[in-house]
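Let me begin by handing over the structure; questions about it come next.
Read from first to last, the chains carry the letters A, B and C; within each, the first residue is number 1.
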Amino acid sequence: MTEAAIPAARRSVVRLPLLGVKLSEPWLYLAPALLIVVVWTWAPLVGAFGLSFQQWNMLPHSEPRWVGLDNYANLVTLPDMGRAVSNTLLYILGLFPLSVIAPLAIAILTQDLSGPLRNLYRTLVFLPMIVAPIVAAVLWRWLLNEDHGLVNAGLSALGFARIGFLSDPDVALWTLVWITGWKLIGFSTLLLSAANAAIPASYIEAARMDGASRWRIVRDIRLPLLSPTILLLSMMTVLFGAQWSFVYINALTGGGPLRSTTNVFFLMWEYGFKTMSAGWSAAAGVLTFVVFGLAALGCLRLMRKYAVHDS
Amino acid sequence: MLKRHLLAAGLLATLAAPQIAAAEMAEAITEPVTITFYNYNLASAGLGREATLGLIEEFMRRNPLVTVEPIAAPSNEVLSRVQADMVAGMQPDLAQLVFRDLIYAAKELGAEPLEDLAGEELAAHSVGMVPNGLALGEVEGKTYGLAYVFSTPVMFYNADLFRAAGLDPDQPPRTWEEVKDAGLAITKATGKHGFFPGAYGPIDGTFVYQAIVMSNGGKVRDGNTLTFADPAAAEAVAMLRDLMDSGAHARIDVGAHLDTFQSGNLGMFLWTSAVQNRLIKAAEGNFELRVAPMPAFGEKPTAPTNSGSALFLFSKEPEKQRAAWELMKFLTSEYAYNEITTKIGYLPLRPGMVEDPKWLKDWVEANPMIKPNLSQLERLTPNIAFPGPNYRQVENMMKEAMTEAVFGSGDPVETLKAAQERGQPLMPAE
Amino acid sequence: MTVERGSPAFRIAVHGAMILLSLLAIFPLWWMIATSLRPEGEVFSTALFPASPTLENYRAALEALPMPRILWNTFAMAALTAAAQAASGLLAAYALVFWRFRGARTAQVLIALSWLVPFQVVMIPNYVLATRLGMLDSLAGLVIPNAAAAFAVLLMINALRSFPKEIVEAARMDGAGSLRILVEVIVPNLRAPLASLGVLAFISAWNEYFWPLLLIRRMEASVVQIGLQFFMTQEGNDWGPLMAAATMASLPILALYLVLHRQVIDSFMRSGIR
């Protein structure tokens, strides 16, 4: 963080003529984002926190009933909870290669290709992003179907056994990981390519002049300078892996076959958000928020520790 | 704004307008009135939407003082929509809700009991309706939901696969024993799948499952006691498991059963008759589609239950109540059922129309595939909704357990028992 | 500019891998387009190309829905949301990176953690608030609650942190005010991250479903995700029209990507200068 601009900040206080309020400059810049977030996210969350200890359907003519920690207890002790937690970890692990590693490789490897081809590859890899998630879900369900799906038709033409991509409990989770990742590669590639492009060419040139090999340039210059983006993407995978796969679980398997594809977020949806009970729903929300919030704080610590900044 | 918002989130009860004491419904509509109609047929393109819009238009033509504001929401969202609007202080007037939400709509959302609201008018209006059909919307002896568009589970079958397996398509299986034999024959002769019910997937409700259970004399609950693991109910599930173990029951992607059947890879498919028109179109030029009543357990009569929806009246103001009630009557009139049956493909709740040359007689003759469905109307058994604030969670647990009992490797009865024990504490105490 | 380097074998391996990945990426899209061109009875065919292509499904989709109107609504909603998120994100990041002040950390944590609040929790209270503010059926109602996003702020913080401080310092020495520095010095050099943020924010707004479903009642105010659901019912999907509508819904994003992607490239080209 630069110290240079700070004296300027001390001096500048902005007067809002109508309100007669004095506001220091950085708060003025922060205001739009902060205001939106507080009004539309934090305030309702605080309300939900209160609701999570009650049994109520929010209707004006019904009475809220205090139930203490019952809503939380009901959720945490759901029989599928253990399975959901371990599946959530599998989803995260499975997504990493698709949300971080492959895009990183694409961004770096295509950087040295000539312009038109580089853009062509990046554009093609980006294309899955433009399909609505629900459409992506049904397209893949179709392509992977055991009976009328093209992938299985291809497999059996090549002499392999047909695979129940969505009906075999050993395979279904990885199918969903693939579909989730397929949509994500373009997203991560775009971010990493933009970050990669922002690395001043002079750095790379200087290293080349010094006779550094391709690999050394990647290791000593590109990776460190890309590390904030890599960490951001890694953090997103950890925090949102469960949510990203939710659309596909909900549309394709409903957590099955035999609970093999359920995860924490889906369970919260099924027994919390989707129900008509505001208490369960609020408890599910608070629970998700707290658990992933703690994970996020951990990630942020890591980020602060390992991110290298160009300053 | 922030303060106001916090209040909104936490203290809605105190902020909302005081409840209007149950007033008498207005005798007649004397001045212009606007009512909202929450409807899920409007939320998807096609015949259902067009026919519904046509009905609303015709109603407004006949009742020039009434403006109907249709609000479309998909069937799995329409209840939350109604609830959200109540929370936001916009009282809905009329809503089309699915039967699983019956008790919740009656007890929690404050739907009006029609006997109290319309009394004699209701009695007069229900003349000619299937008595079982009216019972579909009853909670504790009063009608809260007026059955509107609904269908029953029927057995669609692929006559080409029957022939390829050496079966007679004119003799579709009538019992589960025969389903098993036919399923095995199809699997063996064609390599395609034998039988599959639409009972396990994300978009399937529990009505096919409940119909199978009730056909064996079981019930999923009795009062506030869960009974889906009791012998008669569990036996029905164990029967499905036996079909599965034998290979007659397909083990496919539960969310794609309809596609599997449409693409000609499934012999017998037990699902809602509401998809009949769609299947007829899909089968054209691909395979010969036929329809049979749902299978029975030996000689026991089947208990086809209903999928679909009822109309619920939520208005609190006398004029709006009158307008909503008039719309409700119109939507369940002979004119409306004529439209609904011929254009959308749901069952007519007024069976007399089927014999009446003025209404459906000619149409039924031209569309014989509706007959197995019509024949089930007289045995129509109400779908059982769950009570209490946690009804959806309980229903969910039951469905998960049933699916695991059929698809899993554990003992099916034990699986159901375990779920029943977990679910019972979530039911209302008394 | 970098020069193409590396052994031929390495280059071939890179091309091979990229071609495979590209095929995997676009095949389902091809399937979407191919299906949208198939007549009804042919929908479940596994032929790669439709045997008798028809525009019937497009006609059906356009007849069932006022597609141009819906696409325009969605475009306006997504563009405004993306612009608002980029602006609010840039401003907040500017404050958080270039000033040190009491409360900065709290503000940053408040913004970052807001990301983790599941939408379903805030949905009903926000609906109530939007209703009271008269934002039902309005563009404002669709955009304002999403006008700031934690992701946008964090992405901009990342971008600003690696921004050369000397340039800002030099501008300050020249007596430029903070707003002028932002507009004249920082924004022109931040085109790549801003463009990529714009693309991503646009797409996520474009794909929004639950909030518009709640907020929008009139068909003329509807958005494309709700339109797509029109062809997916509890009683099965209308494959042909669904795929036709999905194809039409994808084209605007593709166009936007192609336009903004140039920004990303251009800024790379010019990055040698700074």
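Assume a contact is a pair of C-beta atoms (placed from the backbone, for glycine too) under 8 Å apart; a residue touches a chain by one contact, two chains touch by 3 or more.
Everything numeric in this text was worked out from a predicted model, so none of it was measured.
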Open item on the list: Please classify the inter-chain touch graph. Allowed labels: line, ring, star, complete, other.
Closed with: complete
Open item on the list: Going by the touch criterion at the top, tell me which pair is linked by more C-beta contacts: B-C or A-B.
Closed with: A-B
Open item on the list: Using Cα averages as centroids, what's the distance between subunit A and subunit C in whole Å?
Closed with: 14
- [ ] Using mean C-alpha positions as chain centres, tell me how far subunit B is from subunit C in Å, no decimals.
- [x] 38
Task: Distance from the mean Cα position of subunit B to that of subunit A, given in whole angstrom - done: 37
TODO: Hunt down the residues of subunit A that sit against at least two other chains at once, touch-wise.
DONE: 38-39, 43-44, 47-48, 58, 142, 148
Open item on the list: If I count partner chains per residue in subunit C, which residues reach a count of at least 2?
Closed with: 44, 124-125, 129, 229, 232
Task: Where subunit B touches two or more other chains, by residue - done: 5, 8-9, 12, 87, 89, 259, 263
Open item on the list: Which residues of subunit A touch subunit B once you look at their complex with the stated criterion?
Closed with: 38-39, 43-44, 46-48, 50-51, 55, 57-64, 74, 79-80, 141-142, 145-148, 164-167, 250-259, 270-271, 274-277, 280
Open item on the list: Quick check on the complex: what are the subunit B residues that touch subunit A?
Closed with: 1-2, 5-6, 8-10, 12-13, 16-17, 19, 79-80, 83, 86-87, 89, 101, 104, 108-110, 192-193, 200-202, 251-256, 259-260, 263, 265, 389-393, 396, 400, 403-404, 407-408, 418, 422, 426
Open item on the list: With touch defined as at the start, can you tell me which subunit B residues reach subunit C in the complex?
Closed with: 4-5, 8-9, 12, 43-46, 49, 69, 71-77, 81, 84, 87-90, 203, 258-259, 262-264, 272, 274-275, 278, 281-282, 284-286
Task: Contact footprint of subunit C on subunit A as seen in their complex - done: 1-6, 8-9, 12, 24-30, 32-45, 47-48, 58, 102, 106, 109-115, 117, 119-136, 138-140, 142-143, 148-150, 153, 182, 185-187, 190-191, 193-195, 197-202, 204, 214, 225, 228-229, 232, 239, 243, 265, 268-269, 272-273, 278, 281-282, 284-286, 288-289, 292-293, 296, 300, 309-311
- [ ] Over in the complex, which subunit C residues touch subunit A? Could you list them?
- [x] 1-2, 4-6, 11, 14-15, 17-18, 21-22, 24-29, 31-32, 44, 46, 87-89, 91-92, 94-101, 103-104, 107, 110-118, 120-122, 124-126, 129, 144-145, 147-148, 150, 152-155, 158-159, 161-162, 164-165, 168-169, 172, 177-178, 192-193, 195-196, 199-200, 203, 206-207, 209, 224-225, 228-229, 232, 237, 242-243, 246, 249-250, 253-254, 257-258, 261, 264-265, 267-268, 271-272, 274
